[in-house]
Amino acid sequence: MKKLLRKKEFSIFLIIVFISIVITVASPTFLRPDNLIDVLKGNVVLGIMALGMLPVLISGGIDLSVTGTIALSAVLCGKLMVTYGSNIWMVFLLAILIGAGIGFLDGIIIAKLRIPPIVTTLGMQSVFVGIVLLYTNGDWITNLPPWFKQFGTFTVGVLPNGSGGTLGIPVQIVFLIAAGLITWFVLKYTLIGRGIYAIGGSRSSALRVGYNIDRIQVFIYMYCGVMAGIAGVLHTSIVQQVDPNTFTGMELNVIVAVVIGGASTVGGSGTVFGTFLGVILMAVLENGMVLARIPTFWQKIVMGIIIVIATSFDVINHKREQNKLVRVDIEE
Amino acid sequence: MKKVLALILSAALCLSMAACDGGSTPTTVGSQPAADSGKTDSADESKSGTKTIAVMPKLVGIPYFTQTGEGAQQAGKDLGVNVIYTGPTKADAAEQVKMIEDLITRKVDAICVAPNDAAAVIPVLQKAKAAGILILDWDTPVNDEVVDASVHQIDDKEFGEHLVDQLVKAMGTDSGDFAYVTGGLSAPNLNAWYDAGMAYAKTKYPNLHLVTDKIPTDEKQQVAYTKTLDLIKAYPDLKGIVALSTPAPLGCAQAVREKGLQGKISVVGSAVEADSQEFLEDGSLDSASLWDCASLGYLTVSIAKTMLDGQKLTNGMELKGKDGTIKLQLKSDGKTIIMGPPADYVKK
Amino acid sequence: MKSWKAWKAKHSNELTLLLILLGVFVLMSVLSPSKFLSPGNIQTMAFQMPEFGLMALGMMAAILTGGINLSITSVGALSGIVSAFVLSSPWAKTNPVLATLLAVVVCVAIAALTGLLNGFVIAYVGVAAMLTTLGTMTLFDGISLNLTKGGSIAGFPSLFIQIGNGSVGGIPIPILIYTVAVVAAYYILERSAWGIQVYMTGCNRIATSFSGINTKRTLLLVYVFSSVMAGLGGLIIISRYNSAKVDYGSSYMMNSVAAVVLGGTSINGGHGTVAGTVIAVAIIQMVSSGLNILGVNRYIVDIVIGVILIAVLAIRSLAGIYDRAKLLRKHTAS
């Protein structure tokens, strides 16, 4: 039990519970099932991208190009549907290919040319966002086929909602859960997953143990890209149109979510559960502030303060832990 | 070794940019390209005596400003002037200033700008004027003596009040909670509509209750959509929304439709006719009011050319409009032009 | 002769960048001779570059220590906004000189305060720089939004507007401010004792700490320096646009990282020169202006800058690998 309490994730969990209580007191609408489902649905895109970003962060890297990937995916898939009709499988296939392609480029440059991930993905982002805007001229794509719009509102299963009726789980949430399970499985039970943690922990040690670092890195960035690609399709299905300009700044939000959930920016740690918590915290905060009628201008201030406090809290805790142990190694 | 590589890189850069230049007018999704006619020095001056009029919208990429662009380009063809239609990709005043500075360098004859922030563009417009360039504003006023003429599509006060009337008509009652959703917070025209509407509502419909400050959406439909969802959650008794800036009514309607609240919440606003149809059909948008955007673009170029030709503007003078000749409506200050009354679009 | 060769070797990076700058300049001039080379355009570029350059210098300081400062544009905006309140007040209309001076002081003061916050959390609490500045970026944006209610504060005394738009002897005032800042940055970072500490901290924080240097204080001051540069940038921005708004300059954030890295600063810290950053800023400015004049689609400009960044780094990296291989062969052969 004590071990459970010590875990990083637990403190985040506590914060979420605390904030939820505060919000519910301010506005009971919060706990209504339809609100909760709405909140979850609204953050599916953030969640899936965070799951893709997690392996990257664990390996000690970073992927700023996800904005470009999701934008390109949304735009090209939109164009595909509008111009060629097509079906849902083709759309997802295209999204996956785009994500894998961009991720592959990222990975190869990082692995073979040894350019630091932050710079590579920054440059890639510039290039791909530029390509998206060039291709669309900033125009939206609005006349998506009805079958896609239906897919967007499709729900699975039946749940009782607060006022005696029933509620379904939006299909996007199903995707989120699936992505979570896959990521968890890869990280925990596959060799590549172990390799990701190894690289993040100590690259030279991983090299000596025999991991093929280049291959793992390419895999990581492709995985992140694929997640971003799928997120693009899901995003389009939720808002039912494509606005190429809407994705700016997303990459930073994704990183915040993953890091608040326990991943470290220098690599070596992070879990799927933690990432979920991070996303939920951001979602709850945002929704809570709206319900509590906190004016829009204050919302950013609150968000900023919470990020700083949450991360400080985490670091202070960690340091306190370290001080309790006897260390032979020199560490800061 | 490094030096050699650097030289090769520079050469490659040169070649790629020359190639880029060759293809600098991309074919895009069936709309006005943001790159413009006249790439190199020679092209701009080859049609000797042809004037170059630069028309800058608040931003490019939304249907409203795409249509005004089409009108402006059409006018260019009809009137024999070179029209450069270019603007930033988001409603950013700083970008506009930079683009205007570049236009000055390109030595255009006239600059017609729809500013995102009137105060921000005044210094750079002063620089332009000092360089001998004709200055016009359109769609949104700059409110300063630096402009030679100001093209308004409608009377702002009239429009603001009209929208409130539309809302009350749609709500079916003149009492209840309502909210304003706007585009960019510093856009003068949107603010003028808001101020006029609020003043009007206070006197004519005192039982209309504004629930919160006007909500900005930066001319993005998706932001309007998510903010309206939030609005509905926070204020369950909301009865009506007035949406300003063309993407906003669509986003608000989308949110209302998703929640199935067409019967309960009325949405009115300024929206482009073609895009509103879908939402007018199912009642999520109750009415859209606007004007013919292409005509606005056309008129702006027409007025600029007239002034460049040395003619002075007089009330009632005849100018070439998009659909034929029109009579100019010039206000007494000699500078402000009104295009006409608003048009309402309802379910066909 | 020997010292000349050594100097060339030590600064090969900057020389390479200068070559590229020259190349770009020549290219742009050839493509649009009467427009690019015109005094009007040189002036325009001279007006546009300083705000970006100052942000880049601020970013460079943070990156030198192995960190990053994502809040740089938000700091610029916030300091600008607070100064704007001073400048647009009725009192300012009657005392323009005093108001202008006060505005400058306020701007720098607010910037320094934000730097203290950043520095404290990064150096003394120990949160990673990227996270901290991400949080403070959101926080400062929020404060700016609250102060401006999302709109802009406009209408400054014409004396103040001169700072961003005026010239002295034909040289734009922003360039003068920028030059002073560059020289100051050079001396502070590369030629002072504290500056050496900054490089050392970036190279290896633990070893530096054990050498007896108070790395915490060094880091704190680095972020103050970074914020002050950003504040100066913000000052120029609000003067040029005669208004202050929360998102002015927001695009400079990522571009300044690009400029710093392009200029030769290592993203892990410890290496980099002011000269390199300055040249890189100039390159990006020229590419942007030149392409705009050509009427090239604005999006292509972004793509080109991204490509340049990756290409230059790729070449550096490959050259490094080539050199190491050459060295290895040389040593193993004999």
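Residue numbering begins at 1 within each chain, and the chains themselves are lettered A, B and C in the order written.
Everything below uses one rule, namely that contacts are C-beta pairs under 8 Å (C-beta built on N, C-alpha and C of every residue); 3 or more make two chains touch, one makes a residue touch a chain.
Values in this document were obtained by computation on a predicted structure and should not be read as measured data.
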Legend entry - Of A-B and B-C, pair with higher C-beta contact tally: B-C
Legend entry - Distance-maximising chain from chain A - centres being C-alpha averages: B
Legend entry - Centroid spacing, where centroids are CA-atom means, of chain B and chain C in whole angstrom: 33
Legend entry - Intercentroid distance (Cα basis), chain B paired with chain A, Å: 35
Inset, instruction - Could you list which residues of chain A touch at least two other chains? - result: 133-134, 296
Legend entry - Per-residue overlap in chain C, given as positions that touch at least 2 other chains: 149-150, 297, 299-300, 318
Legend entry - Sites on chain B at which at least two other chains make contact: 26, 33-34, 89, 213, 216
Legend entry - Residue numbers on chain C that touch chain B, as the complex places them: 12, 15-16, 19-20, 23-24, 27, 31-35, 38, 40-41, 44, 47-48, 149-152, 154-155, 161, 164-165, 237, 240-243, 245, 247-249, 289, 291-300, 304, 308, 311-312, 315-316, 318-319, 322-323
Inset, instruction - Mind listing the chain B positions that touch chain C in their complex? - result: 1-3, 5-7, 9-14, 16-18, 20-21, 24-26, 33-41, 84, 86, 88-89, 92-94, 97-99, 101-102, 104-107, 117-120, 122-123, 127, 131, 185-186, 213, 216
Legend entry - Residue ranges of chain B touching chain A (in the complex, touch as defined): 26, 28-29, 31-34, 59-63, 66, 89-90, 212-213, 215-216, 220-223, 225-226, 229-230, 233-234, 236, 254, 258, 275
Inset, instruction - In the complex, go through chain A and note every residue touching chain B. - result: 29, 35, 38, 42, 79, 133-142, 153, 239-241, 243-246, 290-291, 293, 295-296
Inset, instruction - Please give the residue numbers of chain A that touch chain C in the complex, ascending. - result: 109, 113-116, 118-120, 122-127, 129-131, 133-134, 252, 255-256, 259, 264-266, 296-305, 307-308, 311-312, 315-316, 319, 330-332
